[in-house]
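Two complexes follow with subunit A in common, the first pairing it with subunit B and the second with subunit C.
For the complex of A and B:
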């Protein structure tokens, strides 16, 4: 059993700061600090200034926000379900958000009105969350089952949209969107989604004590005065709002929500309440570093963020399986 | 003085009656052993007595107040509940596991202070776990885990301790140890209610026994006068012989002569 005593937060925050700085510098056009500061000092608008404020900063902010949301959502769901394989997409919310966004692309709304994609994505996430709640509110197991049913429904909807895509170009646009990316998003889209993300974080921030009590199982948690129904509602609402809005902006980005809680857990003595913040910070770090990596890795067409997280995440999944197999023969 | 009173409680689920019309009142200082065959409704009654399950009919009162009307955190401070086969879901340190028992006492935001950690130490010492403080709770043996759960229940100093089969899966020494701890709690003025399958231990340590069969209460009263061989026969369908009382009591079973001989393939018994 790995049991590490030192607090990982200072190191992770330092790395996060460094990555955020690097994220402003690195890209198709390299902006070394000297150029960056010259651009800030020179009369605006100038090229360096525009690149930083219209491309690099939104991209960085979005990567941080989406990564933190996935890390936090994964940590809360793993604590609530006491299952190390839980991830934010489990409740059908990501599927719903993706379907909503794809509907916006399918009917050409996205081309006419830039906010259509995130707006319909959020609507899709909320509808999916409401459906999961409606069918699964009575217990934890029913919540998971309802979540997978809603995910299945959303996947069917996505397949339908691809099947009936009005043109090969629309099908291509839908698939690329689904691959996930934080690049080329406008400030207005970020501004639209931020309130939902923050509201979701607020709901999730109310769960830690209940999650700790669940270390003893549901019956004992209840006997300790934890309102399990309330806890489930808070977790579901928090995930629907924050992960839904994040997916509506950035597409489906897998594995961050699964990996981040696992990697920070040994550092906090496996206490479910204590992994929320480090997991969010680690998720943000992970996604930002991955996003920097796709700018650096030379590929003929752009490597999508969600593709790289899956590529990195899958070996981790195998490692998890091996570890579980070793622990329970 | 704490009085826990189940007033004619019944519990039905999906058209089946698990508990019917049980009236049971217990008070501080009693160690009530809940006896009965598997499926007699012990766990359901225990969950209702703990205020975790709402009876279909009737109600449970704690000091004359309906238990379901008491704020869940206030109730959590007054009674501790240990479910059957309690498990730990994460490899947290034993001290952290025990400290979870103080959760109802803590303010909404805020961690354990020095006085709280002192209580955790005392509870660990009381349950003979001081040497296991920092060990991951998932690596404890069955007996140690049962003691850790008891320490978790006791750390908040509840008036009532309710445990569902706290001795299941324990070897004779740990089972005796566990039941002696529960009896000591009752002597110290708490109300202890526990479902127990080992009738000898119940006869030796419990002040009162409540015997259930098919969701009904067959008998309830002081152990020596209530736990008789005829009642054991009625509750468990075995002939039993109860010898002695108090610390020397022994309950033994004899298969009943009128029971059908066991056939290896029950479906193929010739008519």
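For the complex of A and C:
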């Protein structure tokens, strides 16, 4: 039975705005808001203006974009695969993106031109998505299995790159890159990835009706006129484009895509179509707040975003298992 | 040129070999590169005289095996080649830059147990990591094991050089090398710049050397302030772009690892902000010179001092 509660969207959007504001004020370097505003009004460039426009705004934008992508991707895949454990990484897309980006680092392309990492990351995601679809298009289960296989392939490729890293330092960098971060990215990199992310969102935005019908079962959905193959293609292409581009930018960030749909579901009901948008907003909020936490937590070496999301996400996983056990007869 | 077998690189060796790798560059910067080439020749006369106790007539080890890169270089500086059983496989590039040709004909080891048994050394110069394994096997081949720690300061360098000199039976060589180093340090100290520059060794925000690192020591000797030295008690901490902007150092020292392929770090240290505001203020220093505490570390400080002169006046403006 769907519990109808107050629409959480206004609250989440308000929180999102507040978090975005906080994200511009909070950083490793503490500048009082007054100084920040003075800096923005004073002749440019100055320290406050540089820090806000060149470092904190890109970081905030990226956190929002990546978080929303993961939340949306997770919601769509949980609906499509009708599996509560589905998340964007499941189809091998994150792994493919990571492998592509790591190849850019490995062969030194990243050093020669900065956009090599996101470009190859996106290419990797698309190849991985295509592979998954090629092998798994006949059904939900085969899609999951093909996704696992592609993930495994990507993981093997990553291990191989680490094994043969051109210099030990490159191995170190590959590892740290994989931990995920939205800090200190350039505007040009963000601009490169944005079209892919938006294209992915568009694909995913076309899925809700099909996902709703799919809750009745595959045969029933088809009898309602839903083209299941088309639905899978849309979902996969959307995830490959958006999550691939997000991973190429920010590295592998786990659990947001898994957690976000589950956390909004009790508030908006269990219809897949109603979860997509709140899940995206909540994912963005979650990632942004986590990224702010990283800046506040005093560590001598920077805590990486993906590490913190995993640390927060794992207990949630246990909770999910316990809850499923309680609910199942 | 032999490249170390890549799959054998452990991350532990990483920090050392990555830095030692770019010794070729260091050679361009260090005037003393062509210093003592091999064995006992090539050292300034009279350097070994003075307060040194007369060399004791002990039997000098004749099959010395070095299991750490920094020891390799020291060993080649102090001992004739025919008394060296082997040096590490990592040494070649470094030696090629620092002491060209000094390792010709010297066998190499990969730090494995088998090689100890095979090469039957009478003295093993081990690093902190390789010492336990070396000790276990030393009995079997009848070798003495000397554990040489890492040198992170000029005081450490003095201790390590003396220790190695003593161990290989060449205390005079050690004394001469140190006298030369101290002469250079004294010159640096007596010619301090009027205004100490504020610098940071920053090549991407991940690991910036702070207090307790050799880099910090070299920067201090060069007459500059390492602004990362304020990092609390952690030798390598993160120092983000925000902090870099706020600190606005006079110059950014960027470690260059020319040994192997480029890495993401190179891209990261080229953030548009750095390009824009620190143009002409980026000093590429050879990572190598900062990895091993050697008598040549004083030359690294002198090289830095010389590079400061080419910096534009004043602080970066925006």
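One rule holds for everything that comes next: the second predicted complex is superposed on the first by the 325 of 329 C-alpha atoms of A that agree within 3 Å, B and C clash if a C-alpha of one lies under 4 Å from a C-alpha of the other, contacts with A are read in each partner's own complex, and residues count from 1 in each chain.
We adopt the following convention: contacts are C-beta pairs under 8 Å (C-beta built on N, C-alpha and C of every residue); 3 or more make two chains touch, one makes a residue touch a chain.
All of these numbers come straight from a predicted model, not from anything done at the bench.
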item	value
Subunit A as common anchor, with subunit B and subunit C clashing or fitting	fit
Partner chain in contact with A:213 - subunit B first, subunit C second, else both or neither	first
Partner chain in contact with A:105 - subunit B first, subunit C second, else both or neither	second
Touching partner for A:269 - first (subunit B), second (subunit C), both, neither	first
Subunit B versus subunit C as contact partner of A:27, first or second or both or neither	second
Which of subunit B and subunit C A:7 touches, first, second, both or neither	neither
Touched partner set for A:172, first subunit B, second subunit C, both or neither	second
Touching partner for A:222 - first (subunit B), second (subunit C), both, neither	first
Smallest separation of CA atoms, subunit C relative to subunit B, angstrom	45
Shared contact residues on subunit A - subunit B and subunit C	none
Touch list for subunit A against partner subunit B, complex	1, 3, 82, 209, 212-217, 219-220, 222-227, 269-272
Touching residues on subunit B, where the partner in the complex is subunit A	47, 50, 52, 72-77, 79-83, 86-93, 96-97, 100-101, 103-104, 108, 136, 139, 149, 152
Residue ranges of subunit C in contact with subunit A within the complex	6-7, 9-11, 13-15, 17-18, 21, 205-207, 231-232, 234, 236-238, 240-243, 245-246, 248, 257, 259-268, 270-273, 318
Subunit C partner contacts - residues on subunit A that touch it in the complex	27-29, 45-47, 50-51, 54-56, 105-108, 110-112, 114, 117, 163-174, 176-177, 183-184, 186, 188, 299-302
